[in-house]
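Structures are listed in the sections that come next.
Next come two complexes built around chain A: one with chain B, the other with chain C.
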Partner chain A sequence: MSEGLYVPLLDLGCGAFLLAGVLVLWRRDLMAIVGLFALQGMALAAVVVLLGVHQADAELIAVGVGVGVLRAGLLPYLMRRALAASGEGRETQPLVNVATSLLVAAALAMLAYAVAQPLIRLSPTPATQAVPVALTVLLVGFFVLVTRRRALSQVVGFLLIDNAITATAFLTTSGVPLVVELGVSLDVLLAALVLQVLTTRMRAAFGGTDLDELRELHD
Partner chain B sequence: MTPMTLMTWLAAAPIGIPALAACGYALLGWNRVTAWFGAAAAILLLASAIALAATGPGEVAWGLLRADSLSVFMLIVIGAVAVPAMLAGPSYLAAEVARGHTGPRATRRYGVLTQGFIAAMALAVLASNLGVMWVAVEATTILTAFLVGFRKTRQATEAAWKYVVICSVGIALAFLGIVVTHYAALHAHVPAAYALDGATLAAHAAGLDGGVMRIAAVLLVLGFGTKAGLAPMHAWLPDAHSQAPAPVSALMSGVLLSVAFYAILRVKVITDAALGQTAMRVLLVAAGLASLAVAAALLLAQRDYKRMLAYSSIEHMGLLALAAAIGGRLATAALLLHVLGHGLGKSALFLSSGQISQAVGSTRVDAVRGLATRAPIVAATFAAGLVAIVGLPPFSLFASELGIVRAGFAAGLGWVMAAGLLLMLIIVGAMGRHGRRMLLGTGPAQAGAEATPVARAPVFAMLAGLGACAILGVTLGPLAPVLRAAVTIAGGTP
Partner chain C sequence: MITPVQVAVQITVQIVLVVAGAPLLTGMMRQVRARLEGRAGAGVLQPWRDLRKLARKEPITPQGTGWVFRLAPLVAAATVLVVAAVVPLTGTTSPLAGVGDLFAVVALLALGSVALALGGLDTGTAFGGMGASREMTVLALVEPTILMSIFALSVRVGSTNLGAIVTRTAEDPLDVVSPVSLFAAAALAIVTIAETGRIPMDNPATHLELTMIHEAMVLEYAGPDLALIEWASAARLGVLLGLLASLFAPWGIAGVGAGLAAVALAALILVIKVAVLGALLAAGEVFMAKLRLFRVPELLAGSFLMALLAVSASFFLG
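== the complex of A and B ==
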């Protein structure tokens, strides 16, 4: 593939990845949040396939397809099923309102750019220059995790962090070795399953999945 | 492919045997016979670890496993804690079933998950690839989630949720650290196939980019530190360790925390060579003192004895962090001895606390008065464990704590050590007071006779563990060469 097409497509993919992450902060409808997460998974898969095409690496293209199946297909499917079973549609009251959240996201993006400088300096290719995008999504994921109160929102926060780390791995080094990538994907899938089962138990024990209800244990 | 040598079999056994036992539970369920599979697997694991120590270290199998002395030492710790924990399992679960707290499906799951958990820990310490080590450490979180939530009560569900969310997110940061290290390695011309191999990275560490490795060091300490229960990332630990069934608490507190700390030791060898000792030292001193302070503050007015034991684990992880920060041969040897001593002492304490809570029906300190007269055998193991864990002679924790403090003063960390000693003194006082309240005094009138007959197997195992802990306080015996070699690998220059 020519350099002329590669760089804009890479930037487009990373842009979509970032946008989907930030828009999670904007929506309060849990189903829409899951949709955005699936969209982000697709953007991530597209970036990996693009890197594979650019490096003429068939294995990387195959890994990219695998990433897409897991992160745009399987994980969103699991979350949709959990949502349908619960009948809870909305993030009730995030601790920080939407407008402030988006401003925080902008601040987090600047922080990510600052932190990523040593990484870019080591090897300033078009791909590593997109690393701040991944780190922004990582920080947004943390923000979702601490400010949202529904169990499913926390799961989304965790998975955003995970998407961001996978993106960093592919942008810096075209991915970790295959055996590690497989192990990590399996761990993430199982962690999501465990959290889903725990959500069901939480609903049975507490009558809902509002995390503010979790206050049985203290010193 | 090369033929499987004895070495390969021995190194694969600690992972394979518990995995086989897990399959056995999945197929046959939990009954009077299969209940002892776990104990048999643990004994075989310990035996293969000792055999590995005898045959000497070596590179093995598929380029993914390496049984060096540090790995073998950690395997011995895993075995030494798993044996009493698994011996206590059958009687603990029998009592739970008798009270109607659990059923056949849950006991089968308990068998599968505990064995899978032990196999994952063995993989974590044997993996030569940092990525595989990470996968195994995260697998322990997933496998223990339903063990923490075993009772399905509100408290257990809450503890399990916090445990999975905090540990998975924390450990994700460690993975980012590994990704960043991989990036630095590929640009330092480390061969791609070995770019995540711990020993290869340590050998090439001087060529790794400083700015990138600094980011990696922070991420790795934060990530594995979360799993090791270091403050301020410890919030999940008291909940999870107090809610899990006693044998699982013993494994989590006695050895899983140390396995996570082992990961820090492995990456510290690389970052020390790349960045010098100061970078890690600052992080570890901060985390170590914070852990001691948190433990001291929350132990003073603690009302729940399982939570007391959990905070004591935070204290000991803090001590390990200080020992790692000091570095050098004496501190590293003391660190490893402390890992073993803490495993033996803390597992005895958690197992006897399980027997106490099943007899008394509560985990409140106030509910357990006059244990020494009500249940003398359990009281004796609990008291001996308490003496061991607060670091009094003749137990090995006294020797290792002394070693850490001496090394700290010698390395010019006098103020840190003084602060640490003060906090440890507070902790000894607090735990001594709670222990005295539980053991002495007169019990409630109705509890004249011993409530439940004490199962013999776990008591013997606990006494053996505490005996070993006491002997280690005097002499290392045949462990000395393994420990010496492990210290060299973990960064103590000979």
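== the complex of A and C ==
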């Protein structure tokens, strides 16, 4: 692929990845949050496939397709099922209100940019220059995990972190070995399944998944 | 080579387009809304008929109001006219090229808003003051977003001059799909909606004083003054939509030294682009409800975040 097209497409993919990550903070509708997560999975898969095409590496392209199937197809499907079963449509009362969390995301983006500078200086290619994008999504994922109350939005926060770690891995190295990526992906799938079972059990036991109401252990 | 004749022609075309076209744009948007809602609609020419009706009425001002109240509509209309002459709508040359940057345009539009807010305060009525205070709140929240988007757009050009930015984008069409320009476009689109008081920020067709922002501010105006204000807010929407089209889709715009035919073609393309944007905006409004006033800062914080990401992306990915 020509260099002239590769860089804008890579930037566009990373831009979509970042946008989907920060929009998760904006929306209250849990269904929309899952949709945004699926969009981010697609952007991540596109970036990986693009890197594979650029390096003419068939294995990397296959990994990218796998990442797309898992993160844009399977995980959102599981979350939608959990959501439909729970009947909770909205993130009612996040610990930090939406306007403030958007401004916090802006500060986190600046932090990620500052932190990533030494990494970029090691090898300034177009791919490594996009590492701050992945780090921003990582920090936003942590923030979602800390401030949201619904179990499902916390799952999305956890998965955002994982997406960001995967993106960082692919952007900084010239391709992660298939075995490693397979291991990580299966791990994530397993974690999502466990969390889904956990939320179902929580709902059966307590009638809701507002984690703040779970202050003490029951036997 | 830029001849004075060409610049004069181009500026005249822009001003005539904005003066005559702005009420038509409003009429077209109302018509689109009406059709989508299953009504027949009043026709595209209705805003012009309204303006004629208002202009023929006797000028009347409430008791106790002073020169601020009388001057506000004139300032609002005049700033929009100057902006219409300065921004690159049909061509990138401008007689005020040295000072015609985004900062000047934003400052002029803000001057118009502030004049109207002062006019609203001058009446001393509850609704005028409420509308003015809300308008100032929205303006204060919009300002940082506009500045950040300007930085994002001017980083790669190295200049805040509108003509330079548009020329650069026209020369390099691939720039339009870069994250910088997409984030900045989203931020500026939200800002445009906020500045012109459309749904979801404000409902221009509302009759409920408690939910009004812009309309509450101009509640005391009547007759020719009201006509001027109505025209100015329509022209503001037209100019801002045209500016968005020029900044992010500058195809067909006449470059430096283009002939009269190119300017005529650019004017035609501009009309089409603004009509498409206006129809999209109107169609979007049908499917949306007005945001609660306390949720407006959220939307504006979101647009600020987009603008900031646009700036940082221009450094990250540059």
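Assume the second predicted complex is superposed on the first by the 214 of 219 C-alpha atoms of A that agree within 3 Å, B and C clash if a C-alpha of one lies under 4 Å from a C-alpha of the other, contacts with A are read in each partner's own complex, and residues count from 1 in each chain.
Going forward, a contact is a pair of C-beta atoms (placed from the backbone, for glycine too) under 8 Å apart; a residue touches a chain by one contact, two chains touch by 3 or more.
Values in this document were obtained by computation on a predicted structure and should not be read as measured data.
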item	value
Joint occupancy of chain A by chain B and chain C, clash or fit	fit
Chain touching more of chain A, residue-wise (chain B, chain C)	B
Angular separation of chain B and chain C about chain A, which is computed from CA centres of the superposed model and rounded to the nearest 10 °	150
Partner chain in contact with A:Leu12 - chain B first, chain C second, else both or neither	second
First (chain B), second (chain C), both or neither touched by A:Leu119	first
Chain B versus chain C as contact partner of A:Leu152, first or second or both or neither	neither
First (chain B), second (chain C), both or neither touched by A:Val133	second
Which superposed partner A:Val179 touches (first chain B, second chain C, both, neither)	first
Partner chain(s) touched by A:Asp187 [first = chain B, second = chain C, both, neither]	first
Which of chain B and chain C A:Ala105 touches, first, second, both or neither	second
Overlay on shared chain A, then closest C-alpha pair between chain B and chain C (Å)	18
Residues of chain A at both interfaces, chain B in one complex, chain C in the other	none
Chain A-touching residues of chain B, taken from the complex the two chains share	64, 129, 131-132, 134-135, 138-139, 141-142, 145-146, 149, 152-155, 157-162, 164-165, 168-169, 172, 175-176, 178-180, 182-184, 186-187, 193, 195-196, 209, 211-212, 214-215, 238-239, 242-243, 298, 301-304, 307
Residues of chain A defined as touching chain C within the complex	8, 11-12, 14-16, 18-19, 22, 26, 97-100, 102-103, 105-106, 109-110, 113, 126, 129-130, 132-133
Chain C - residues contacting chain A, complex	174, 177-179, 182-183, 297-298, 301-302, 304-305, 308-309, 312-313, 315-318
Residue ranges of chain A in contact with chain B within the complex	115, 117-119, 121-123, 138, 142, 145, 151, 154, 157-158, 161-162, 165, 168-169, 172-173, 176-177, 179-180, 183-184, 186-187, 190-191, 194-195, 197-198, 201-202, 205-206, 211, 214-217, 219
